[in-house]
Structures are given as C-alpha cells and as structure tokens.
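Shared chain: chain A. Partners: chain B in the first complex, chain C in the second.
Our next item is the complex of A and B:
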C-alpha cells in the first residue's frame, strides 16, 4: 500500500492508503467517539458519532466509513461536530425508553459513556415513549427493545462472526426494530446457536443474560475482535 | 446577606433528598451561606420567595403542575435535581401505557388490592396526568443535575457553586451521571 499524508486537527500524519479515518485516528491516539463501531465487524456508519469535517466537503462524514486520501485535511474537534454529537446522543435517549436507574447495564453502558463524553446533562427533545417489546423467550438471554439504539452490532456479529444470521432489521424510521428470524420469538429461533456473541457486542442493556440484576452486567465486546484475529491465524 | 434555599419533592421517591442529607457535615458550610426556608419536612403551605429551589421529581399530576409553575415564579434559580426531574426516569415508565391501563394494573388487577378494584378518587387527592413530564417541558430550568440519585458530592458541588454566585458545570467537573 502506498504511503500518503493526511492532516488531522493540524497534525501531519503519514499513513497507508486504503484505511479509514477512524483507523488512522486510533493508530495516532486521536480520540474519536464511536458507538456502532466494534473491532472485528464491518463498519456501517450507523450511529453518526464519529463525524469528521473534511476540507472541501460541505457535509459531515462518518470517520469509520470514509477512507483517507492523499493531502486530506480532516478535523475531528470542531464546535460543529460537538454540537451534532450531542444532538445525536440526545436523540438516542429520546427515541426509546432508556431508564438507566433500572437497567442491567447501568454504569457499564456505552450509551451512558457517550452521554458523559458529549456533556449531555438533559434532553432537549420530547421523549417519544414508544411501546417496545421485551423478548424473554430465549432460555438464557433477554432482548429488550426499549434499550436498543439500532447500532446493529448484534446483527453484524451474528452474520459476520458467528455465521448464524439470526438477527435482522425490520421496518424504517421510528418503527425500526431488530428481529429474530422472521420476527418470531428469539426462543423459537431455528438459526440462533445460543453462542452469546450478540450479548457481548451490544453496547447498551438491550441484550443481556437473565442471570444478572440491575447494574450488574459486565460485557466483553473486545472478545469479538480478538476472536476474528485468532481465526486469521488459523487460516 | 444569606441566601434563601428551598427544596421540594414532586413525582419522585425522595431518594434525591436522602442524597442531599448525605452531604453530612458539609451542611454546616451550606448553612453558613444560606437558610433552608422550605423543604418537605417544613410546615407551612405556600412556597416562599427564594434564591435557589432544588426540585426533585417529575410533573405527574395537576397538583405538581401548579406547584412547579408557582415555584418558577418564586425562585431565582430553579435546579432540576435527579433523573426524574431531568428525564422522568422511573416515573415516566408509565408513559408507554394509557392512564386507564396503569390505574387498572395498580388497583384492579394487582394481587394486593382490596378485592373490589376501587380506584381512589377523593377530592383531596391529586389527579394524575396522562403523561409524566420532565421539568423542562413545563418551565424554564436553570440548572440540571442528573443522577438517580445524584451523589452527595455532586449535590454539594452544585449548591456550593450556586451559593457563591457561580454557575455549576457538571460536564467540566466530571460529575455527570445517569442512573
């Protein structure tokens, strides 16, 4: 891969071409907020938290799906980006029913962390309070749609790493939902292998093992990336 | 000139007040700078004119609605204290259902009811609204302190800053917490 030059927040960086802005930032310790990104899974730019400004481009682009190009001038720390990041996190909270006080993931939740990172102290938008199902049909795990932020990490880990393809996405807009098989109870799934990778991939308390109580959930999302790396060694 | 401080408890569990009491001996420093003129255990109905009002809980009923409008008029700085006041939290969990269903669940179908399924409707009781609202959708809120409950340190920090005529900034002070 040819070596190219990019400028991130005024810092000159030499990097390989063909990598994303997020990868360059990670390699150079430039902080970048992410939610839907998980090492080992293909990036899709769903959460819009890794937004960057690129000189010559009017709109903000997601750092995880935009590849670097030679002499690209990138900013990750402008007020405009911070404003949009805060709006995005607020909309995550307003869109579903996130009640941290009763959530298993309280204190160990990537959505909470994102809120703290953008300085979110209250939500300026009206809460939608949608009626969401809690699927407890699986013998060990629960899918609580109230806490889902539609990052689709569970969908991707199920398809790309486990290869089972149990999870999918249904509908659009406010009505969008994660579904098991063809929108049937998770416990009746004919594709789910009960592997539990989606439990660890989920950034919030949307998918969790039945054995945990409020605030007791510990997850190990790094396991997905490690698994993918280990498999490469076997090939 | 000492400031006047008041606390009030709307649709909440009083946990934020418990956390306020957890500032322990630091209450003496607060007392040097302010008189606590009203709180849920102080007698006297009307909410007095104050410099700082700490409001715990969300707006769940006609009584809370009128009270918060009154408090807004009386308080120079209105602080939304705790997740219920800021984002309805647990009190808002009934917002996913129609009020009739919520009442039926509590008074008709609950195994612990009186067996007759009577709904309380005495004239002196508050009348629940269909939707629980956070404070900022009813009145202008000056300071928000999320947390369920906010820690004693956070509450003291906010109080101390306000009593010294500074605006607290929870994000910079790294004291943000939900749940």
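Our next item is the complex of A and C:
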C-alpha cells in the first residue's frame, strides 16, 4: 500500500492508502463520534455522527465509509459539524422512548455518551413517542425496541460474525423495526444460536441479559473485533 | 431449549401448481440467493400476495435467513403480506388528484362497499388502496381499477364501474 499524505484539522498525517478517515483519526488520537461503527463489522454510515468536511466536496461525508485520498484536506471540528452532530443526537432521543433513569445501560450507554460529548442539555424537537414492543420471549435476553436506535450493529454481528442471520430490519421510515425471523418472537426463532453477540454489539440498552438490574449492564463491544481477528487465524 | 436449526417445514403442499411453478422458477435461477426479488415477484404474481408459508419455503430453498426475506418483502410496496382482493381499486391521492376531489371518490367507495383504504371486502372481492401519485396528473382525479386507469371520474361513475367489474367475473 502506498503511503499518502492527508491533512486532518490542519495536522499533516502520513498514512497508508485504502483506509477510511475514521481509521486514520483513531490511529492519530483525533476524537470522532461514532455509534453505528463497531470494529469487526462492515461500516454502513448510518448514524451520521462521524460526518467530516472535505475541501472541494460540498456535502458532509461520513468518516467511517469514506476512504482517504492523497492530499485530502479534512476537518472534523468545525462549528457546522458540531451543530449537525448535536441535531443528530437530539433526533435519536426524540425518535424513540429513551429514559436513561430506568434503563439497564444507564452509565454504560454509547448514546448517552454521545449526548454528553455534544453537550446535550435539552431536546428541541417534539418526541414521537412511538408504540414499541418489548420482546421478553427469549429465555436469557430481552429486546426492548423503545431503546433501539437502528444502528443495525446486532443485525450485522449476527450475519457477518455469527453467520446465523436471526436479526433483520423491517418496514421503512418511522416504522422501521429490528425483527427476529419473520417478525416472530425472539424466543421462537429458528435461526438464533443464543450466542449473545448482539447483546454486546448493541450500543444502548435495547438488547440486554435478563439477569441485570437498572444501571448494572456492562457490555464488551470490543470483544466482537477481537473475535473477528481470531477467526481470521482459523481460515 | 429446543431449536430446529435445520430448515423449518413450510407446510406447503408439493402438488399445489403454484408451489410447482415457484420451484421451477427457483431452479431456473439456480437457487441463487441474489435472485430473491425475482422469486418474490413470481410468488406475488402466483398468489396475489405473499403468505407466510411461501416466505418460509423461499427462505429454505434459497438459504436466505427468514429475517432477510421479511426485510425485503416489507421494504418494497409492490409486495404484500395480506390478500389485496380479486379486484383492486387504487385511488390516487397525489396533489393534483386531491385538489380535483380524490377524497370524495374515496368516500364514495368506502360508503358503497363498506371498506376503508388499505382494506379488503369480507368476501375478498374488492380491495381499496391509495397511492401518493401515479404520475397521471393530467387525468386527475385518477383511479386505477385492475391495472386500468379511469380518468376524471366522479363518485357515482366510479361506484358504477366497480360494480360492473365485480359482476363481470
């Protein structure tokens, strides 16, 4: 891989070509907000928190799906980006019924951390209060659609790492929901292997083990990336 | 907990001509997973909608997880999980048709046949649907009855045409 030069926030960085802007930022300790990104899974650029400004490009591009090019001038810290990031996080909270005080993931939630990172103190948009199910049919785990942000990390970890394909996404727009099999209860799934990878991949308290109480949930999303590396050795 | 990790039985009858047609189509596509949409089209045309056992059957044969089949079906408006009726009446409620009185047309059909938009009559003869815009704004208010466009209709005319269609069968 040829070595190329990119400029991030005015800082000159030498990097391999063929990597994403997010990877370069991570390697050089440049902070970048992410929610739908998880090491080991294919990036889809769904959460729009890693938006970057690139000189010569009018629109904002997602850092996790954009590859670096030679002499690319990238900014991750402009007022415009910060404003959009805050709007995005506010919309996440307004979209479903997120109540941190009663959530198992309170204090250990990536959405909550993103809220702190953008300095969220109130939400300017009307809450949608959609009617969402809580699927408790699985013997060990719970899927609470109220806390889901549709990052599809559970869907990707189930198809790309576990290979079972239990999870999917149904409908469009407001009505999108994560589904198990044919929108049937998780406990009746014919594909789920009960491996629990989706529990660790979930950034919020949407998927959690039944054995934990409010605010007691700990997740190890890094495990997924390590697992992917270890599985490469088997091939 | 017992889980049938092998494919769940779809419960379809192998002698059903529609199942045979579907199987032939899948064989023709070499059971490629990426032929999912073509197969779903064939199934929708054969059944008029997509019953759950058919989705399970397709999932088994193409080796696609059930969730992915369901995602595809719920994403595209062409596919339907419920029967749309033997005859369909699609009222356009796009801007031009709305201004020209699409709501009166809908009300007329709803009152005469006792069904609401998105519903099918109890005898499964007539299904009533609405669309945002069918791209025939010059014909406003436009209604599509069994793939036939009726231009510039009013409530009385429309109800008469539907009765005609229902009795024709």
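One rule holds for everything that comes next: the second predicted complex is superposed on the first by the 235 of 235 C-alpha atoms of A that agree within 3 Å, B and C clash if a C-alpha of one lies under 4 Å from a C-alpha of the other, contacts with A are read in each partner's own complex, and residues count from 1 in each chain.
In this text, a contact is a pair of C-beta atoms (placed from the backbone, for glycine too) under 8 Å apart; a residue touches a chain by one contact, two chains touch by 3 or more.
In this text the structure is predicted, and so the values were computed from the model without any measurement.
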item: Touching partner for A:220 - first (chain B), second (chain C), both, neither; value: neither
item: Touching partner for A:102 - first (chain B), second (chain C), both, neither; value: first
item: Touching partner for A:181 - first (chain B), second (chain C), both, neither; value: second
item: Partner chain(s) touched by A:122 [first = chain B, second = chain C, both, neither]; value: first
item: Touching residues on chain B, where the partner in the complex is chain A; value: 80, 83, 86-90, 92-93, 95-97, 131, 134, 136-137, 141, 144-146, 148, 170-172, 174, 176-179
item: In the complex, chain A residues that touch chain C; value: 139, 155, 159, 164-172, 179-183, 187, 189-194
item: Of chain A, residues touching chain B in the complex; value: 93, 97, 99-103, 106-107, 112, 115-116, 119-124, 126-127, 129-132, 215
item: In the complex with chain A, residue positions of chain C that touch it; value: 1, 3-5, 7-8, 52, 55-56, 64-71, 74-75
